[in-house]
Amino acid sequence: MAGSLALVVEGLAVARGGLAVLEGVSFVLAAGEVLVLRGPNGVGKTTLLRTLAGLQPALAGQVRGAADVAYGAHADGLKATLTVAENLAFWAAVYGGQVRGALEAMNLVALQDRRAADLSAGQKRRLGLARLLVSGQMIWLLDEPTVSLDAASVALFVEALRTHLATGGSALIATHIDLGLPEALDLDLTGFRAELGFRGAFDEALA
Amino acid sequence: MSIWEYANPKKFMQATAKVLPWVAGLAVVLLGAGLIWGFFFTPDDYKQGSTVKIIYLHVPSAMMGVSAWFTMLAGSLIWLIRRHHVSALVAKAAAPVGLTFVVIGLVTGAIWGQPMWGTWWAWDPRLTSFLILGLFYLGYVALWAAIEDPDTAADLTSVLCIVGSVFAFLSRYAVNFWNQGLHQGASVSMVGGDRVSNVYGLPLGVSVLGFALLFLTLVMLRTRTEIRARRVKALLARERVA
Amino acid sequence: MRALLVRDLRLAVRAGGGFGLGLVFFLMVAVLVPLGVGPDSAILARIAPGILWVGALLACLLSLDRVFALDFEDGSLDLLATAPIPMEAVVAVKSLAHWLVTGLPLTLLSPVLGLLLNLAPDGYLWLILALLVGTPALSVIGAFGAALTVGLKRGGLLLSLLVLPMYVPSLIFGAEVVKRGAGGQALATPLLLLGAVTLGAWALLPFASAAAIRANLR
């Protein structure tokens, strides 16, 4: 299954608020694989995902293959005054995907004409995840995708993830729960914590 | 040794520590000489009387007000292209100094204008574009103050400085056009450096040099303070993590 | 691109009154100025071009802080930044959407306000033309200010401090066109300069705004 390499990360160092949090992060994500990021709060999972999504620059290291990514953040980027279908149709137009299949996969067909403002937290999350399906991108970078989802919805998500993997996609997921995916590989970030000795431009100014 | 090595904070601190007393001392000497010469040892103007002597404050301040903006522009460009922290901090340090010179220029101009033109303020193109330059300074300083992350602040203020330079330049031409259109011919002419005779010109030149060195001193001093502040910030951030 | 434009226009309409407020503000300026200056129609006719342009600037300013801030708060801006469309295009489309819901309606409403301010009969055509040519610059310059302040909690006041000085060239040339038009003078020069400012701003500022947004998202 692990044929082509989707994402190759070598010696990556990332910073939050101007301070290095992770360094020397290296891993390979192959097509059809899921890598689950583990580590306590504040270890740098979100920072790593944002760096891989291209939202912030890396301090050091190399990333190859990150062109074809869909990023799923804490915030779903929903517009409260647009309906479920309209929200999704916008992203479908941006990525050139199909709305219908995504609505079905995330069990949102019955809600499609409801305004996003009137959805429950879990329904909003499902709509946020449906956006990944319309994006058609091969690599998903997900930050706590299962927050506020009930057990049935988590199962829906895992099902959608399986389909994604089966079609050659791959995913990097930061989560604290057990997704029930035996094939998922764990990547513990605790080992990559940046040394406090990382030297910034101003450390030596008064030395 | 390349000039870029001084963009290293440590090198900059060492170099300015050596240079600063000399520049500051020379600034005091030249300012003292220029101003005393100008105020007490030049004749009164046959038309303007002793009022003309405010020229020794007004013209150099106005010149520094403009030079400071060019310093900021250079610092911003170097930051965006080469990511040297010191250049961003020089730009940050120069802004309040430049703003102060602009204010001094405007105030001394008003004090000069009152007895000469009979008004504290006229919408003369030169005065107006100078006032607008002051507004650009205010926005730049306010943006630095509003953003918490120092690197983001440096990026955003640099972009603002470059775009602002273009618009400040445009405004200058627009204002020239506007006043012409408003009342043709009738314009109050200022005493430009080119029309001043040598009796005034030499002490004026000395004052301008003195002001330039004063500007350099203040910018170096403020940049040193900024570097120390960044050092403190880095240490505090480290302490929080540890 | 078109999807983003449609989305922004739809959001502006559904926000309920959001974009109507700018128009009402513009109307208020035209009502309050005569009350402050006095009813002398000769004076009003003389200051009408300037007042209408200043009113348009301020009305345009009102809605600027929402150009990017709403998308920033709900996370859409992060998602747009990772989507396969250049941020420069996002900025340009959003500036265009802002102009369509503020600058364009202001332009269409302006003759009515010209009437209130006793604008000379020859001025109306030029008022509409000048606003049509000049207000797009206000939106794209304003979007630049909004991009600089998008990460800030209370960026609205700072935004106006940053943007208003940059409105000076458009204001001067725009008001000059109307003034000369109302007085029956030749106005090709200020009209061309007004257009040049607009075209230049649209050609260059989206790049600066995109750089500012990227810095703010880090």
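Here are a few things to note about the model shown:
Which chain is which? They are A, B and C, in the order written, and residues in each are numbered from 1.
As a working rule, a contact is a pair of C-beta atoms (placed from the backbone, for glycine too) under 8 Å apart; a residue touches a chain by one contact, two chains touch by 3 or more.
Note that the coordinates shown come from a computational prediction; the quantities given were computed from them, not determined experimentally.
Taken together, the touching pairs cover every possible pairing of the chains. Each of A-B and A-C has its own count of C-beta contacts, and the greater count is at A-C.
If each chain is reduced to the average of its C-alpha atoms, the one that sits nearest the average of all protein C-alpha atoms is C. Centroids built from CA atoms put subunit C at 31 Å from subunit B.
Note on chain placement: the centre of subunit A and the centre of subunit B lie 48 Å apart, centres being C-alpha means. Remark: subunit A and subunit C have CA centroids separated by 38 Å (rounded to whole angstrom).
In subunit B, the residues that reach two or more other chains under the touch definition are 149. Residues of subunit C in contact with at least two other chains: 218.
Subunit B makes touch with subunit C in their complex at residues 132, 135-136, 138-139, 142-143, 146-147, 149, 152, 155-156, 159-160, 162-164, 166-168, 170-171, 173-175, 177-178, 181. Those residues of subunit B lying in contact with subunit A across their complex are 8-10, 13, 85, 149-151, 227-228, 230-231, 233-234, 237-238, 241-242. Those residues of subunit A that touch subunit B in the complex are listed here as 17-19, 196, 200-207.
Across the complex, subunit C meets subunit B through its residues 144, 148-149, 151-152, 155, 158, 161-162, 164-166, 168-169, 172-173, 176, 179-180, 190, 193, 197, 204-205, 208, 211-212, 215-216, 218.
The touching residues of subunit C, when paired with subunit A in their complex, are 2-4, 7, 10-11, 14-15, 71, 74-85, 217-218.
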